[in-house]
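Labels run A, B, C and D following the written order; every chain starts at residue 1.
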């Protein structure tokens, strides 16, 4: 085996472990678990570090852990960039790499390491650096299917979300203007300008309602009441849109799974009544629940019986309508 | 009748009363009512006891009631464990019992009595013991169908819930990090660290909004506004998912009921037009509303008429199309 | 015409005006408008009266208006009771009257006048009397279809609501118990007992979040956060159930309207293409929107064309399959 | 070309740019972008102006910008009014113009300029004038399709909204009455009258929960708890209705798009398998996503195959059932 072969095989291995979701060996699984633990440990470290006295007591360990993390995530990033070429060996490497660099997952990976390097050149305030390190949490999205489904739905329904957020902004601006007109004399310190009044409007229209700023004049209270009654539901609208979209998405997925399961059973030529155990197993591999498997099995049996009846009819020698001979 | 027979019959009786939902006699019903009242009385006692001066005035009665309750719930637990064997006399008893011990209902029953016994050995703080006694409330789930439906839906949609709670946690962590960066200098006592800032993030993103902690800097308020507008809907998402899931579940149940009703009517060979009264009665037993019964009846009548027409066609001796003889 | 005839006709007239929704003359309409104005004026009077100095300044007029209102509502109640008999002249009068007395609308009417009479015998506190007078607002439900639809949906989905409220109560009790355990030492004045802590639990789980009572210990804040993240969505669940139920109900109603419209067009034997204007008019009477009318019209035209083609086929003299003669 | 021709062509051009959504040239697009920027700049100016010291420092520029804006919006309004005639050259001009004047978009345009002119005659308070200028924000609705969809849904579901707001008002009045009865002695300053108590009721039932006014008596807290548990979901109901309505509306639109796409493909007589690229392009123009295009393409191919089979059957010279000749 030549050096090139080794190079190729290593790259292939990296690709399988880091990119290929169909590749599922104990090694790749443990590696991914390790990365997940690393991410969670990182975020936990940032949270704990922000407690001043804890950080001062153990600064050395925290810094060391941060350096190791940057190293690990940098290597991960470079390996992903290097191995992505294996996805399609016919496209030129630079094209695939630049394509990957601009994908959402790659940007998240980049954001996870970039601020640490930037910090060498431009000294950032520690508290801002911490938030940027918290963004490493987004690397977790890669490992959770249900999260990707949710993001998909958000992506698909983004038109509706834009409309809702746009209306919400219009309402916030108008509500702020209204309450400013009625309250800025009574409470010049908190309703002194419309941008200041927008804080009240946001807090009210999202139903958070801290109570740090509330209207005190009668006119302000009446306007506030109207705004609440009419506008309050709007803040809950994105949830409603998401819920409906999610239900649709999950339905589509379920149907696809069932279709896959059907084709597997028919393809393997299993006996629907006697091969109960194998059917159950296939169903579980595909990812169906017990009841779903049973239901599809029953339906397939019904279809089989119907088909058999039809077959019988086809064996008639004479047309049941006009009595002529059908086959010779 | 031998002693073994008595033993068996007693066990069967216990099984019927405690486990068998199809067994419905006045005795079993009253017994279940008694248990429900016992549970509610227990929880009420815990609530009232926690008012110090009430407990001190009547400590004797409260303690006695607690002792009786423990005795009753312990006996109930042991009888359930003993009699569950009757469910399937062919499986070995230990297998069924250990299976039952690990079921959700059994764990709830165990949690209801265990802390009281543990208290003999390890002395627990009274206020913690009280919460554990409050968990007896969960024993009520056994008696309410609609509650079980809701729990079913939660179980089925748990993938979506995980995704939502996971996103919520990501948003809480990032929001806490952001507000910490902007506010920890202005308000070091409440935004002194990211974990401290998470209290604000949770209170805000769930739209509870106590107002005990609010951003005061302009940057903090702007960040807070963005978080509210974008993230607030998320907290209402589980409700949306549950509502959609519940609607589906109830639809499925309704269809099953209607199917059952149909089969009962056809099975009993009732005359669809004249046996109005009996049909109504069957429908009510099955659990349908009046309109549903009427609708199904109408549909069955339509189907009958269609079938009769088809039957008529089958009795044609000659094909109405070509005039040839159909049967000999 | 005898006295009995007059009596009967008066009763019929009262029935038509007060009970019969199909009876729609200017007189009945104005009478109902009058009652609606009366109800709104009553509620407004109660609201204004509760401002002490306003009431003291105009007590005479307020009291007089109240006396007139009681008289009007009492007469209305008695006339309804008297005339309900006309609904079905074959059932005995006392049966219909007692049936009506127990209906929801009659109870609302009764509650609107009863406290005023009770006040003659037992002197009630003025502020409680005022709330009871506010209940006259419920008399408005009779006049709004969309309100009745909403109440219908609530009635139909009451099983789900019970489940949700039941779970909410369980969560409130457990949350109160938990926060009591962690906070009752730090804040004995507001978390001094579990019932006291329930105020916090309700305010939190419904996401109202006044902030008058909040956990201050770390353990309390962590427990509070978990309760918020897990439980907060539940409070919005009834809204989700209602929204889904309302959508279904409105769909059913729309389909019924469309069916009615279809039958009217077919029944009147209108030409689908040329009688555009009459079709539009019928549609508007039935209560459809312009687009709906157009859509149904288009569908009917398509159906007509299909039927015509089928008719053509029926006129074939020979079977297109075997060439035999079809009719003589 | 005569003067009239010039006049006509100018009017046509104005109509195309200002009213005709099918007319899409770079010129018209830039013009619309300019108007959008103008609107946003205007609203931003109002927001910034309301900060007193900023306005005092740059009053001259703010006032000048306002004058220019009024001029631009006035000219836009007049040009729209003038050119709307081109929509349908057969209807008399005054009819179309008065029809347009009463349309929602025209009223929004009018509200955007009217207060500025009114201010010449009646001097308005600056803070009220500012809110009225904020209403210019509504002019944006013209440019966002998703916003119009949302408004459509609100228009269509207005019956449900009325019912919900009506119930909400009933609940607010009753809740205010109840809490007034229990709390007006303990807190006469905030629960001194029912209208005063309504502020608490609105803040509570919409789940905003400022906490500026909360019940302090036990009776008040119990009543408040019941109101929260029962009524809180109602405030989220409009969101649920909107979400369901929006989902339906978007489905209808999607189906319409797909239908349009289908007809375009069939109309252009494209080869479904080989003209992949053109099909993709048409799909994108129509506004479909890639997966949707693929799905429709697959379905069309299936339909084509089925049709071909049927065609084959039609070419049979003898009935496969009875062997008789089918056509001559």
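Keep in mind that, in the parts below, a residue touches a chain if its C-beta (ideal position, glycine included) is under 8 Å from a C-beta of that chain, and two chains touch if they have at least 3 such contacts.
It should be emphasised that the depicted structure is a prediction, and the values quoted were computed from it without experimental measurement.
Shared contact partners of subunit C and subunit D, listed by label: A, B.
When the contact pairs of C-D are matched by residue number against B-C, B-D or A-C, more than half turn up again in B-C. Superposition on CA atoms relates subunit A and subunit C by a rotation of 180 degrees, given as a multiple of 5.
Averaging Cα atoms per chain gives one point for each, and the point farthest from that of subunit A is the centre of C. Taking each chain's centre as the mean of its C-alpha atoms, subunit B lies 41 Å from subunit D.
In whole angstrom, the spacing between the mean C-alpha positions of subunit A and subunit D is 29. In subunit C, the residues touching two or more other chains are 198, 207-211, 235-237, 239-240, 243-244, 321-324. Residue ranges on subunit A touching subunit B, taken from their complex, read 43, 46-48, 50-52, 125, 127-128, 130-131, 134-135, 137-138, 140, 144, 146-147, 149-150, 165, 168-169, 172, 198-199, 202-203, 206-212, 235-240, 242-244, 246-247, 250, 320-324.
Contacts from subunit C toward subunit A in the complex involve residues 207-211, 236, 239-240, 243, 321-322, 324. For subunit A in complex with subunit D, the residues that touch the partner chain are 159-160, 162-164, 166-167, 170, 173-174, 177-178, 180-181, 184, 192-196, 198, 204, 207-211, 214, 221, 224-225, 228-230, 232-237, 239-241, 243-245, 319, 321-322, 324-326.
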